[in-house]
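So, here come the structures, one by one.
What follows is chain A paired twice: with chain B in the first complex and chain C in the second.
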Partner chain A sequence: MTRAVIQALLSHWRVHRLQLATLLIGIALATGLWSAVQAVNAEARASYERANDQLAFGQYDELRNPSGMIPISRYVDLRRAGWQVAAVLEGSLQIGERRLQVLGVDMVTYPTLPAVTQVEQSATPPNPADMLTAPGRLLAAPSVQKLLRDHPHLPPVLPTDALPPDLILTDIGVAETLLNKPGQISRLIVLPNQPQSVQPLSDIAPELELTRASARIDTAQLTDSFHLNLTAFGLLSFAVGLFIVHGTVGLAFAQRRAMIRTLRALGVSMQQLVWMITIELALLALIGGLLGLVLGFFLAGALLPDVAATLRGLYSAPVDGQITLHPHWALSGLAMALAGTLLASGHALFRLSRMPLLTGAGLQAWRGATSGNRVIPLAGVFLIAGGIVISYLFDGLIFGFAMVAGILTGSALLLPVLLSLVISAFQRWTQSPVAQWVWADMRAQLPGLSLALMALLLALAANIGVGTMVSSFRLTFTGWLDQRLTSEVYVTAPDSELGQEIAQWLTPRVTAVLPIRSAELMHETGPLFLYGVIDDQTYRQKWPLIASTKDDWDRVFAGKAVLINEQLARRSNLWPGDFLTLAPDHTLTIAGVYSDYGNPTGQAIVSMAQLDQIAPGAEARRFGIRVAPDRASELAQDIRDRFELPRHAVVQQATMKAQSLAVFEKTFVVTSALNILTLGVAGFAILTSLLTLWTQRLPQIAPVWALGLTRAQLARLEVLRSVLLATLTAVLALPLGLVLAWALLAVVNVQAFGWRLPMYLFPADWIYLFALTLVAAFVAAALPALRLLRLPPADLLKVFANER
Partner chain B sequence: MNVKLWLLCVCLLLPETLRAQGYAGLGGSADGFDVPQPGYQFEFPRDHGPHPSFRIEWWYLTANLKGDDGRDYGIQWTLFRSALKPMESEGWQSPQLWMGHAAVTTPDAHYFAERLSRGGIGQAGVTAQPFEAWIDEWHMRGPDPNTLSLAASGDQFEYNLTLNAKTPFVFHGDAGFSVKSTDGQASYYYAQPFYTVKGVLHLPEGDVPVTGQGWLDREWSSQPLAADQSGWDWFSLSFDDGDKLMAFRLRGARGDFTAATWINADGSATPLPDGSVSLAPLKTAHVADRDVPVLWRVTLPDQDLDVEVSALTPNAWMAARFEYWEGPVTITGSHSGRGYLEMTGY
Partner chain C sequence: MLLRIDQIQKSYPGGRPVLRDVSLTLDQGETLALTGESGCGKSTLLNLAAALDSFDGGEITLDGVPLSTLDDSGRADLRRHRVSLVFQQFNLIPSLTVEQNLSFHARLAGCHDTGWSTHLADRLGLSDLLARYPENLSGGQQQRVAIGRAMAARPKLLLADEPTGNLDETASANVLDLMLALVAETGAALLLVTHSQDIAARLDRCVHLSGGHIT
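Let's turn to the complex of A and B:
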């Protein structure tokens, strides 16, 4: 008997091959998009973890000087008091267009790092004397080694794959020369196995602060918001994919009702049938899931380089650009496929198990049971309200997403009711019987199409929302770049001495030379970069302030006040009038807050005299040069020639802007890619729904045909109906998308990046999207319409003969 | 090979390493380092300080102590210097590396700690006048080498001791030129074996006031062991009648090389050439996954000496990055007394 049941079940798929393909594609798309995002996230997180292991980050307590660097003498004081600490000097090195992190550790006392072990166990181990004494050796990934090959003034490089990309590991004695920070220590790690009794820190080095390993914010936490962002999009894609599965499974079950009735009449128990269908679904889920994994793997491979570039640019987080396949990733992907399929088919399966033995085989009866359900719209209202309430009550990225999710799903659930209301209104206005029939028929179709339309609504809203956010951001960002990059030429000298020389040479030749000098301080919210500026109209006129006070620049230049960036302001809740402590006994009033989209770290601006006081010896290697724009190119070349500087050391404004914009574009390329994929999946969902409905169309169309409408007219009406429904959905999606954009800009972005951006509207984009939707709806309806057009009239006649 | 491991190997003269590094065996000036020469005139306090132009050097103090609880204890305090280049310079790039080892041995436990540093920054070093040898908070210092305070600590122990001696240094070998192999490898080597020691050991089981005898070895060289030598056994024995014996055996594929110095209670010393003293292991113990001799027969016919030397604790294993055995011993037989034993290369 089991064999017969299997054969009967399989026969359905043999007949409905397209349906089978649709189901598998639905599962594969859902699994693929979700798994791709998961793989990208996992790979990025694994990279952080690997970097942490490779560099022994986050394993030890640390000592830092909140107001700057630690001198070697302090290290020796601690050591001679019994504290087992190891010195670390960090900094960055500009190599061409790459910015490399330099990690200098005291190789003698620092816990042995995997990279060091690897190099020393290699076929040609370096002589320790070479590692520890001038010129020293640099350890770096092979890709970095290649990059450094063209820089003969650097110490020789030993390749190792046990280091994250963009990092150079070396002995602290080599690093201090490389970074031009002689005698300085960035931080001390507190080693395990401290002696029995050590003097308290306050007696030896009261200026140092001890940070527990557990209390430090690491890369993973820093980038959490970014990954949550991706996960949210992955989940959205998964949900949209499940709409396809739900629709297809529902149809398959409806079409099998007759067969199931027959099987039951032949003596197959309902329990057995439910089990076998469940197993069948599970098998389909596994096949679709496997396809999805393949899809997800390639998709992740395509997305990862951009994600890696973003994470490196935005958070200096070390991420490799290569995806590796982990078994647990495949397993969780399959589990998702299985759970998703069963979730999407659960309802259909449940109703199947409750089906009376002698119920009619009609599709309408199957559908009818769900119509008039008031629970769903109520749930929609509840979800929207819940989302809004949550965003009022709680703060944090996850709640921002909760609000977005609540509003989106709530609106999706409300969609059928809204559409039904709109259609009823239209129906009341129309007079002609055909038009009346079209509207009434459209309303009758709603339950069958509603899931696909919900998917379309979500995809469109996400598209409008994310599109608005990215475009608003781009507009703000370019405006900000124009304000921020005011100098025509930017120069970076190899050292402060040559920097001074260049500045002196330039002064009589240009409008203004603006030194760019900074020092890294520690603030309770993390590293804080302090910049010194000289009094110049450029700053007064162009610097992008989002909160200011009277005479703000006057007070800054007088050394009485400080300007801080938006990230620091929001993170520490510091605004004009508040105070910022930059060093012990050195507190300044905050005169203003400026927008800063370049990095996630805190920044502050003081007068040059203040900078020299707080961080004496801050290097003076970089300058902005104000000069007539038409002289910029010539001047840049003059500087290069005269001071023998490489090309990248003298950069013109336009190049700088282009580089910044390139980083920006990378930041959102993944979001946009996922966005487009989601829309594609939604379009596919409409197609499957229409194909599903097709089978039940005949009994409804046949009478209209019999009343005199031609097949061509009917086909046109079919297309019109699909396009109209899509149009209505798109119209409803617009406000929803704008709400989403607002939420992303005002809630999610502030949490994720520390920026609040103004919202700009882009109607041209909406029209484009609108057109795209109509085309998608048209294409989706074209196939069933074409079928109708070619349908032999005999088939339509059969409707009146056959029992349906 | 790990930088630290390399440093340790150099300190402990492990020939395998040196072969790998390409300067096997024979004398001659290795990579610009000075080489010990016979007839060297020691000059103090200068020579109690460091000699950066030599590759390796150590200040090696061991003491046999008695607690007021009646139990036997041993302590070790060692500062090794190892030079990557024959020079000293300021800052991180100093080629002088320092390593400290400290241990306390009780009849049933062995605690040890290890410290590493480089020269040039002040974290570790030795000054001759006033004398101070230090690494981190560990120190051996005093107005002169015969009046010292000594301190070291680890995560399980700490000790603070004072050391006093009245006799001058004892020079091993040919007036301090100590030959280490038949090929002629040698070191400068002298000792102060007559310290009286007082102080307190802070142990997990509680504080123990102690008194006893200490022995300081000073040695520096640039020449490693001969290529075939795989390790050594080194004895410093103090007999109850006041006489002392320093004896070592370098184990080599071409045969053992032994040397010894008999030190009378008045401080006068007699160097004994290769083959005079016989050091024979009688029994091994399984320590740290290997068999280490913990009972020895030491015979020196010249002095009618025939004794058994047995470890106070077989488990006196220095599980540092490079491992060796170092611990107090008791002497029975023709003479009785206490002493220290160091064994490497097992």
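Let's turn to the complex of A and C:
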């Protein structure tokens, strides 16, 4: 019996092949987009974890000097006192266009690293003495080795794949030379198994601070917001894909009602049928899920390089630009496909299981029940209200996203009711019988098309919202760059000594030399970069303050106050008038807060004298030069020639801005790509809905044809109807998109990155998006319209003969 | 002569002939019943007369217009202005109210007369149902709306395909009475397809179709 029932059930798909294809494509798109984002996130996180394991980051307590570097003498003191510590020196090295991180460790005391073990166990192991004595050896990934091959002044490179990209590992002695930081240590690793009775740290090195491994913010935590953003987009794409699945399964079940009624009349229990249909859906989900995984894998491969570049640029996070296939990724993707399909089909399956044996088998009953449902609009209102309430009651990125999700989902659920009201108004307003019929028919079509239109609404709102956010950000960022990058030329000397020499040479030749000196401190919210500034009108006139006090700059230059960036202000809830402790004996009043879109970390600005007190020895290698703009090019070249500096060490303002904007644009490449893909999926949802509803359209169209409209007129009206529905949806998506933009700018961005951006409106972008939507709706309706145009009258006559 | 069907031939796809040299005529104001067993081609002939389908041979002339000379647009124009149809399945437009359905064809034809529509609604007992949608009506009520829609356009020819086929005996008699009365009132001709000899007997003439021929 089971075989016969299965055969009967599967025969539906043989007849409705397009429906089957639509269902599989819906599952594949939902799974593909979700899995792609997951693969990208997993790959990035795996890279962080790999880097932590490869370099023993985050496993040990550390000693740091809040004022900057640790002198080597202090290291010697600690070792002599019995402290089991290992020295680390870090810095960056510019090789051509690429900036590489250098990690110098005391090879004798530092815990054994996988890269070292790998090299030692290779076919041609180096002599251990070569690693420690001049010129030393550099360990690097094979790609970095190729890059360093053309630089003969560097020590020989040993390739290893046990290191993150863009990193060079070497002995601390070699690193000192490479980084030109003789006798300096960035931090000390506190090794496990310390002797019982060592002299307390406060006696030997009172200036050093012990940071527990558990208290440090690692890369994974730092980039959480970024990954959460991606996940939210993946989820939106997944949901839009599921709309296709929901619509197709609903229609398939409705079309099967007659068959199911017959099977039940022949003695098959509803329980058996529900089980068989569930298994059938699960199999379809797995097939669609597999297709989705293939799509997701290639999509992730295409997206990862940009994500990797963004993560490296924004967070200095070591991420490989290549995707690898992991079994657990494939399994979780299939699980999502399965769960999503069952979720999207659950309602239809439930209704089917409750269907009385003698109920009507027609599609009208199914559609009527859908349209008559009053629960959905109420759920929409509830979700919107819930989202708003959550955002008022709770703080945090997750709750920000919960608000966005509530507003978006609630609005989508309200869409059919709103469209119905608008269409009714138009119907009352029109006089011509054809126009009246078009509006009335459009309203009657709503239940069948509502899911596709909801998907379109979500995709359009996401596009408008994210587009507004990115464009507002771009506009603000560009303005901010104009304020922040005021110097005409920026110079980076290889060391402080040459830096000072250049500054002295420049002073009589330019309007002002503005040193850019900083030190990394630790604050309770994470790393804090402290900058020192000299008294100059440039700061007073240009610096982008978002909260200020009277005589703010005067007090900063007098060493009485500090300026902090927005991220630190919002994260620590510190505003003008509050106090910030930079070092045990350095607590300053906050005089103002400035916008800072270059990084997610905290920053503070004090006078140069204050910086020298808090962090003596902060490098003096970088500075900005104020000079008449028409002299900038000539001056830049003079500096390069005189001090034999490479091109990238002397950069003009325009180049600097272009570089910053390039990093900015890269940051949103992935978001934009996901945006477009989501819109594409929504367009596809409309096409599939129109195609699957096609068979139901004939009873509506045939009487009008019989009453005197040609097939060509009807085909045109079909296209017009689809375009009108898409237009109305797009009009309703606009306010929703703007609400989303506001939520992203005022809530999500503040939680994720620590800055709040002003919102600007971009009507030209909306017009473009509307045009794109209309084209998508036209294309989606063109195929069914073409079918209508070519439909033989005999097929229309079947409607009257009741042969369908 | 309002309708002239001359030597009409029609085959289904695959070549099976349905109508072979069928000829008949219908005058203005005349009523004609077309009977025959299932599948004999009655509805096909009605569809050809309504310019809904095309024929393989012969000619149909309606109100002086040879249908073979018309393109798709011309056929639609003919249906809009000279012919009205009543189907067994009612085929009302589900998205429009009874009132809108009643006036729909007349408005398409550009001959909507509010007084006449109101009169029809009264005659057909639909005055209290005007705001309802077809799905909320009984079969008899739906067929009365279909007749009202057809007559509102004041057609020269009313074509009815088993108009009472889906109705019980009482509703069937009621619908037929109304249809014949309205046809008489407007002076339209009626070509009615039916299985029922009783119904056929109430019309002016009756022709029987069998094996693709008029017998």
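Definition applied: the second predicted complex is superposed on the first by the 693 of 804 C-alpha atoms of A that agree within 3 Å, B and C clash if a C-alpha of one lies under 4 Å from a C-alpha of the other, contacts with A are read in each partner's own complex, and residues count from 1 in each chain.
Just so it is clear, a contact is a pair of C-beta atoms (placed from the backbone, for glycine too) under 8 Å apart; a residue touches a chain by one contact, two chains touch by 3 or more.
Everything numeric in this text was worked out from a predicted model, so none of it was measured.
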Just checking: does A:F298 make contact with chain B only, chain C only, both, or neither of them? Give me first, second, both or neither.
neither
Once chain A of both complexes is superposed, is A:V108 in touch with chain B (first), chain C (second), both, or neither?
first
Contacts of A:P433 with chain B and chain C, given as first, second, both or neither:
second
So in the superposed three-chain picture, is A:G183 touching just chain B, just chain C, both, or none of them (first/second/both/neither)?
first
Intersection of chain A residues contacting chain B with those contacting chain C?
none
Where on chain B does chain A make contact in their complex?
1-4, 6-7, 21, 84-85, 91-95, 97, 113, 116-118, 121-123, 134, 136-137, 153-158, 202
Chain C contact footprint on chain A (complex, rising order):
364, 368, 432-434, 436-437, 440-441, 443-444, 699-700, 702-713, 793-794, 796-797, 799-802
Flag every residue of chain A that touches chain B in the complex, lowest number first.
72-73, 75-76, 79-82, 84, 106-109, 112, 116-117, 120-121, 125, 127-129, 131-134, 136, 171-174, 176, 182-183, 193-198
In their shared complex, at which residues does chain C touch chain A?
13, 43, 47, 50, 52-54, 72-73, 75-81, 85, 87-89, 91-96, 100, 103-105, 107-109, 135, 161
